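Pasting the structures here.
In the two complexes below, chain A is the common chain; its partner is chain B in one and chain C in the other.
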Partner chain A sequence: MKQLLLSEWIRLWKRKTTWIAFLSIPLILIAAAKYLVSQNNVVSTKLPQYTVAWNFPVMGLAEMLITVFQGIIILIVVFSVTEEIRTGQIRMVLLRSYSYTEILFAKYIVIIGVILLFFTVYFIGSHIVGIIFFPMVDKFSLFYHQELATPIVGLMYNVRFYGIACLTAIAIISVMFFIAVVCRTTTAAIGVSIGFIIFTLGYPTMLSYFHELFGNELFVKLYFTSITMIQFEGITRILGESGNEAGWNYSVIAIYISLFTVSTFIAMNKKDYFI
Partner chain B sequence: MEKHILSVKGVSKKVRGRHLIDSVSFDVEKGAICGLLGPNGAGKTTLIRLLTGLIRPTQGDIYIDGNSMKTNRKEVMLHTGAIVESPIFFPYMSGRENLRNLVRLHPNLSNEEQKQRIEEVLHIVSLENRADDKVKTYSLGMKQRLGIAQALLGKPSFLILDEPVNGLDPMGIRDLRELIRTLNQQYGITILVSSHLLDELQKICNKIVVIRDGKLLWTGSKDQLAREDQSLEEAFLELVSQ
Partner chain C sequence: MKNIWISELERVFKRKKTIVGIIIYLLLVGFQCLFLWSFGVGFYNAEEAVYLNNLNAAPFFLRELGIFLIFILIPMFVVDSFNGECSSGAYQLILTRPQDRAKLFIVKWAVQAVIILALLAVTWVVTTLFGNLLFPTVTETPFYQIEGLQVLQAYGYSLLFYVIAALVLLSVIALGGVISTIMPNTIISYLAIIGMLVGAIYLSDHFIFYFSLSDSIFDVLGGENHSLLILVFLIMVISFIINITVWKKRDWMG
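Showing the complex of A and B:
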């Protein structure tokens, strides 16, 4: 299994897509920093939305998580899974003494590894860019916190934020992996994956029209059944002083991971592969 | 010791109510070059997919060197090399990188042994000079030879080649024919080769399996199928028109 993982890892790094994704990190960070610098001109310094060197890693990730990160996950999963199945490249591996399940499991682990590495590089890079572009204040505001945070507290907050963001990314990988396995073409896989992201962004907004009908507690739970909404708002609420909806949000992430991993397993064992 | 390297026992494959392969049974003796013949759509590639475990039979089982494909595919594939349809490589890697990536998947080979094995198979298929070029720059004949190289990485005792001469020019076909003979005679590899180019099979095979509409039509030695005054093509056409 170790050799299979190594083989998949090397192959993924031979692809230009993977390198382009990694090399674009500085550009993404600088673009995020420039945008947040302009936002600072219209935001009070007392608000958590005001970006300083210590909260830039979180501010610079929040929106990128549901746009750039999601896009990179879709491309890597589709090229590594659907493309290899569709073109028959995977047959070269299947003709060795490994089962289809083992090969796809290795791909799943390797893709998670690459994305975790992406998060790590982004985390380090965002601290550097944060220090370059933003003021290094002694204390600053955090979302859903009454007390002001010191840089050390901010660093711990950032680590926890990135940790939860990684969990949501694994949930997204699980969903995209399922889509990549069941779709027959790369176009279909990319289309359905983007459709899933749009759907999970759209239905919570639709639900908000019926907020009063559901009542606050049920509404919030339904709202945070969307993995992208957990990424967009849920993580800061989990990390708030009251730890709002932490249990619910963690459960939803766990359900996404387990449901789609099991579904992928069932889907790939159900059919023959005329590859 | 097993006399047969391949035993196909009552294998059927049914998809959506249609029999792609229907109760096929035959054996291939060790050391043979066996030609798998059949008109287009006869089920040759489906049978080869079954022989390599890419798809599972609805009924029956396949034994390679005494190991069941159903229950022991891992062991079977350790000693079997194959090309199924046209060999498709990772185009963004060179020939050598492709082989390096695949040789890792053969257990119990040290780093040095892996490198040595790659050089051996590149030498066997005469691709040493182009090994560091990207596969997307290879001609079809070179891809077929690289396909054979990847199939040889695990030092197989049984090699399955699906339409290996498809799309090759006459020189490419001749080179491949020589390569198949060398693999059989010098390296002692038993080979099953499917093709619709009957002249080619006549030149290299000593055993023939004929299928049509997923059913076994004939199996035996080449000499049994074609009379002395007959070409394999004539004998084949006579057989399938019956």
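Showing the complex of A and C:
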């Protein structure tokens, strides 16, 4: 199994797209920083939306998590799953004494590894960019927190934020992996993946029209059944002082991961082994 | 010429996802009908809403359908047609025939356009009929920034609305076509198209119309947006010229 993981890891890094994704991190960070600098002119310094060097890692991730990160996950998953299965490259590995399940499991682990690495590089890079572009203040405010935070508290907050963001990314990888295994062509796989993201962004918005019908508690629960909404708003709420919705959000993430990994397992066992 | 059309259409409809995509789109139209019927309210933009009646219903259907068309259906069709066939090598069989490459390209482009225009036309007819069947009947209706349109004028307005929507969708086809022709494989082409449509907003706010198709068209017809038509026209013409040049000069054996 170790050999299989190693071979998948090397194969992933053989692709130019993986390198381009990692090399684009500085560009993404600078684009986010430029945008937030312009936002700072219209936001009061007392609000948590005001970006300083210590909260830039969170502010710079929030928007990118549902666009760039999702795009990179789709790119890597579709390249290493759908493309390899449908062009028959995977047969080269199937010739060895590994089962189809083992190979796809190795791919799943390796993709999670690459994305975690991506988060780590982004985390370090965002601190550097934050210090270059934004004021280094003594105290600043956090979302859903009454008291002001010091840089050390801010760093701890950032670590926890990135930890939860990684969990949501694993959930997204599980979904995309299932889609990539089931779809017969790469374009269909990407189309369905993007459809999934748009759908999970869209239905909570539609639900908000029925806000009064459901009552507040049920509405918030339904709203955060959407994994992209958890990425967009849920993480700051989990890390808020009250932390009421933490349990619900964690269970939604856990359900996404288990549901889609099991579905992938069932789907690939029903498939033809001799592709 | 007729045979090129037949060949191109056959290849497009041989792909299962063309049929599946169209069926999903039609289901979404039905779903949107249910949605608007249960509310009876349509949105000009995030803030302003209006009660629907038999004359003004049709344009509001594109608010959600536009996203599906621009970000899912058109990129999928265009990438398969302009990149999938070439990168898999299947297109070499077509090129062995003694046909002008420019002609092959124009027909390819036209077939994509015809499919999308047909879908839009069906949507307009269905939604107009639907509006007449289920929404309250009135003899005159206001539109965004416009007061009291008579029956025929109102139909003219919604038809014009769909024509502008068609132009925007054609520009997506043109842009998608040129990106798919340049990019090496289907995966990268697809994500590059999405990246381009999303990234354009960071370039300038004028490109927001790919995201909020119906809101922007209401602005155009209400006289508040003057850049959309020019931009769409420019994108279409420039993409088409680049695309046809690359297509003719391209090394197909690679």
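General observations
Methods note: the second predicted complex is superposed on the first by the 273 of 275 C-alpha atoms of A that agree within 3 Å, B and C clash if a C-alpha of one lies under 4 Å from a C-alpha of the other, contacts with A are read in each partner's own complex, and residues count from 1 in each chain.
We adopt the following convention: a residue touches a chain if its C-beta (ideal position, glycine included) is under 8 Å from a C-beta of that chain, and two chains touch if they have at least 3 such contacts.
A quick note: this is a predicted structure, and the numbers were derived from the prediction, not measured.
Once chain A is used to superpose the two complexes, chain B occupies space next to chain C without a clash.
Using the contact criterion defined above for the overlaid structures, shared-chain residue A:E83 touches chain C, although it does not reach chain B.
Of the two partner chains placed around the shared chain by superposition, neither chain B nor chain C is touched by A:I257.
When both complexes are overlaid on chain A, the residue A:R11 reaches chain B alone and has no touch with chain C.
Look at A:A188: by the touch rule set out above, it reaches chain C but stays clear of chain B.
After the chain A superposition, the centres of chain B and chain C are separated by 80° when viewed from the C-alpha centre of chain A, nearest 10.
Contacts of A:G71 after superposition on the shared chain: chain C is touched, whereas chain B is not. In the superposition on chain A, A:V129 makes contact with neither chain B nor chain C. Superposition on chain A leaves chain B and chain C with their closest Cα atoms 9 Å from each other. Within the complex formed with chain C, the residues of chain A that make contact are 17, 31, 35, 67, 71, 74-75, 78-79, 83, 184-188, 190-191, 194-195, 198, 202, 206, 209. Within the complex, the chain B residues that touch chain A are 15, 49, 52, 54-56, 73-78, 81-82, 84-85, 87-90, 92-93, 97-98, 101-102, 104-107, 150-151, 154.
Only residues 3-4, 6-7, 10-11, 14-16, 87-89, 91-99, 272-275 of chain A touch chain B when the two sit together in their complex. Remark: chain C residues 16-17, 21, 35, 39, 64, 67-68, 71-73, 75-76, 79-80, 84, 185-188, 190-191, 194-195, 198, 202 touch chain A in the complex.
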